[in-house]
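Reading through the structure tokens given below for one structure.
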């Protein structure tokens, strides 16, 4: 479960710029989308050359899906003179989100969250490079993450009329929207656990809360670097980003801030639930103990008494008394009433 | 209960500026109030056109109650050229408080707290737009939130002589005053729980503390963005706000700061109460256990002894002794006294 | 006990500057003290007019004791043109300490701590206005808070030779000194509770720690705004305060900082004591359980054995053996020794 | 134990500059050391006059040991025109470390830690005044704190060739070195407690951890103001300190920073140990309970069964069966095996 | 285990610049590596003189392995005029990482982590001095820490063509890479403990979590000063470091930041695991108690009843009833059913 530093040993003690894919996914495909306000073409290509020789005048978007074929990435990097450290980061799936400005291109690393199966979310490593009229994306898994972007491009919505920076924004916005979906999912789960907790706290809750906390820690670890990243973008220092687009990055930044607040709130709620669970267990144990003590306190002396009159001593005067047995019951009732009074005094009855 | 991200999935993966109401309330009405120091008129209107064509020279205040009719909001937004991202925020009831300065208008989002039923508070999404001589408010629910403002306008108090920024201030002040009411309510509840805790800690307390903590987290999540918002206003950077009004915004800012301190204090008190409850439960369990152990330690050996003399062995010398039974009681008393001494040594008696 | 927002609802939803006294104390008296290095006069006055018409050339100090008579305060405020928001703050006893510079006067709110009865501290709302040669103080209760100042004035100590700012400093210093007294009292109480805790932890400790924590939270809530307030004063931005007096305000500021450190230290000590108490209760319960289990583990099998030989079966060979009873004791001792070995193996004996 | 605000009430509500010694130590002696690179003289003097009239050209160091004789300190202060607030601080042993620059002299307050008896550390109030060629030190106790400095001066090491600022540095360095000794002592104690905890957690640990935490809080409260103090010194703003000496103050500053880190680390370790202890107690109680429950679950039904066949009913068919007693044992074994299976299913055996 | 301040007392109260080795390792060897893009030579030398008289024009790297021979270090320091405080730091193995710029050389202290035996990591004190064309390293242990650097130099990779600052970078990068390896190891251990915790929490977990927390605290204490150090380097203020190398130091800085985040995340996970363990123990104890109470509640009254009918009273009517024994069983079943109903009402069955 510690998704934080998986397979990092693969790259340790290698010279900087060594290209090693640290993830586990196989396969690779290249999707080239070119568009301007008039036309839109989208096709699968097999070599980097096809992308480099494409002569469309509009905006070109190369989507590299799967990082296992290091050679292709090396070739592409060399053709576009991507900095060796950036190349390394494209392949290092443990790298946390960051943005770097290399004069003629912006290099952004982020994490996309997608639903692998019902109720189970996974994240993938995504890199986006923004050139003046070209965007290159690297996705770790083939998960159709940018489905909504493709759809919007096809439907000819505003997007196509704008520059590459608008595509860049849309890709980032789409990634961030997925965080909201995860957050809403976690919120519903918290609601359910909370109801269980207040009505009928049981042992299952513990694992549920633990898993919620883990998810929240993981999400927070993505959101914090995303905060710095979007803050950098919303300050608008790069010349690749249009002034009008900046307010939109500011909007993403605000969303990230709000999500961080929500994550912190959720984490507090989880801690609160754990505390409440712990107290409620303590409280229940106390109640169980009380019942046990009440039964014991009442019957232990009586059982002793019955034991006494069950003894076989030859010389045992009470046994021969006529009202001995009757007297035993009287004595038992007196002891019981005394005990009840004692326990009531303790506030246990 | 997680009011933080309700229905956010409705707007995910849509292009920016998509207008989707994320709340759940139905109905919509438009109230137009126009006034100057001489006259005051207040009427219900049915179309945006009525507002746009109103030719009063004084200050106009359009109050849009209910956000379900997205078309009306879209029409109004287009007429007044409200920024697409602001339009989105008017309808997104999960959006936390913020203020944005769009040159010719100020756009403010806040949350109003109102009493739905006895002892139960709810919050609603409120947006306020300030133009040079016009204020537009959007309220999620029809809750008469601005009753005091209407009353003050009618009574001709100072308010009517001043500009739209003063109405804007009064609306915000009225929203913030409601936080104090909630805070006072929570304070009284804390008092009650605290008394119960110190006198007679019981299981109910746990849920009460938990709910208090939840309310406080929720209130804090409103207050923190309100802090930034009022801070921005009290710096007086907008030309729509008069210099003399700034000190009043500074006053609201001070109130928010004080409330944040109180909320933090209340949260610490709640944590302290939970810790104390946990310790007190531990302490009570300990006491229960002691009683049980005392009874057991005294009677278990005695019962064994009685059991021994209840055995039916043929050759059982003690049973035939004349003072056997008497001796049994002597032995029992000796054992009991020994036990009492032992338990006193432990400090349990 | 939540002294944080008492009666705040009285002022909610009123226009700014509404004068409502939120405290609970009755009565009001006005003491006018005038002095210069030569003369000192101190008298009770009944109307504001007497103060306004006083023609002494030295320094005038008007002490308004009790805030219930709102009319007097309103009259005074109007004569001296005190800002409406400041007027409101004079009467709002929930307002936390702050300082505001209104060009021709400094307006300071603080809280004085006084001993109501043995071991019980209470706080009162105090406002101080500093004019160039006049000081006005508002006290909530008639508690002789400034006794030491009056005494020092009478004794003709340095104080009388200096300006109004020195009186202002002395008043503030006197208020802050009282915090030290409370802190020392809390320190002694912590010492006592600590000794009890390490020697003989009992149930009373819990409530004591809880009350200590509450007092510390309350004191901290006064000290933090006082820190900002004295910091502002020690920066010496007001022209009403002489340059030489600034080092004295810096000294108060240092004291406040030190007290905040002590309060935080005390709070940690209290938390530490609570943790230790909780652990010690757990530890004691464990010990009680061990004793119970030891007794049960040894006697339960023996009692069963005695029960077996107490059965009345007709065909019961052991009962008729000559050494049956003797054998029973041998068996009992073997079982007991086995149990003791088992329990020693567990480390319980 | 609350060494934080001892006897502070003695000085409360007195005018600034009132000289009251708040400590408890008796006795006072004055040691005057004068030296240059050629000569060194060290003698006990009885009056301040001797110091003032000393005509050595080298560096003079007056060491005032014991603060009980306030008159001597008052005389010295007046002769050297020490600021009234500084005078007050010399005598106020609760004052935390600070440095103040009074143009012609530097005034520094620190706390020295010394070993009173084996394993028990105490602290004393120390003030150092640095003039251009003279150093005056005030020590609360006669503890030979500056033994190493005297020795180094006698041995003619580098120290004597340098200015008064180097002596000042050496004194401060010597004080700070003692913190390392305390820290090392606490580290060893933590090691021991940790070993005990992991091998055989017992009740004593609780008090040990509590005392460690207290020592650490106390040390931290000294180190934090020392951090500000050495930071001020290493910025080299005073003209009394030579530029070359500044790097040495920077070195002390680095040591303080490292010690603060270590103290925080130790505090976390202590918290961790407490948590672990608490969990381990919970775990042991659980184990004890299991044993008790296992014994009870097995023998309670059997004892009941034996009790049944010990009843004296006239008409009791089983008692007369030939294999009744044998059957009882069969039944007992069946019940026991069933119980063992049940308990194994619970994972308790 | 407290590796934080080992043997620091050796250096306390000595004048600054006293050379005392505070570590415990024996032996010392000197390795001199000289290279340029053409040639590479690596040899063991025995005296400092050999290093000083070496006349290679390329880059010289002297690796001093083992710090026990203080004389050699003193000689070297004097020849290169290393600052006395830096000399002290070379030998003080408790000194935490830092960097200092002494105009003509950069002095860096770091900690290298190496695997002593399987699953057990240790750290060593490493100092690196960077001159314009020479690097001197001091290692505490002979652990082949720079094996990868030697290998890369031999393989003639890019490294040899660059300046001494690139060697300096490579050495630091190699040290930092080892932190990732430790972190990955801790991550795997956390995974294992987490699985155990959720499936079958046992007592061993407690010590494992405790040790994990200790390792994390230790690692964090190395990483925080490393953060400052690499931040200083990446600001590129030293003229000994080439502008192109700065981005590489920035890359190390980013890695340190990411590792700090991971360490904090791991620490939270450990805390979460401890909380969960504590709750789960509480929960298990509760379950054990329930079983005990159920058995006791059912059988204690029955055993009493059996005891009653085992009494030997002469006049005991029930014993002579024909259906007495039968009635006893009826009564027993009724009591049992009543108990079961009672326990079901409590939700325990």
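Order of writing sets the chain letters: A, B, C, D and E. Residues in each chain are counted from 1.
The rule we apply is simple: contacts are C-beta pairs under 8 Å (C-beta built on N, C-alpha and C of every residue); 3 or more make two chains touch, one makes a residue touch a chain.
Keep in mind that this is a model prediction, so the values were computed, not measured.
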Interface of copies chain A and chain E: same or different residues on the two sides (over or under half shared)? different
For the pair chain B and chain E, the C-alpha centroid-to-centroid distance in angstrom is 42
Averaging C-alpha coordinates per chain, one finds the centres of chain B and chain C separated by a number of Å equal to 26
Touching at least 2 other chains, the residues of chain A are 278, 282, 285, 287, 289, 292, 296, 300, 303, 307, 310-312, 316
Contact graph of the chains (line, ring, star, complete, other): ring
Cyclic order, anchored at chain D and moving toward chain E, comes out as D, E, A, B, C
The answer for chain B against chain C in the complex is residues 148, 152, 157-159, 170, 173-174, 177-178, 180-181, 183-184, 187-188, 190-191, 194, 198, 247-248, 251, 254, 258, 261-262, 265-266, 268-269, 272-273, 275-276, 278-280, 282-283, 285-287, 289-290, 292-293, 296-297, 300-301, 303-304, 307-308, 310-317, 346-348
As the complex stands, chain D meets chain C at residues 1-2, 4-6, 8-9, 12-13, 15-16, 83, 85, 95-96, 98, 200, 203, 206-207, 209-210, 213-214, 217, 221, 224, 274, 277-278, 281-282, 284-285, 287-289, 291-292, 295-296, 299-300, 302-303, 306-307, 309-312, 316, 318-325, 328
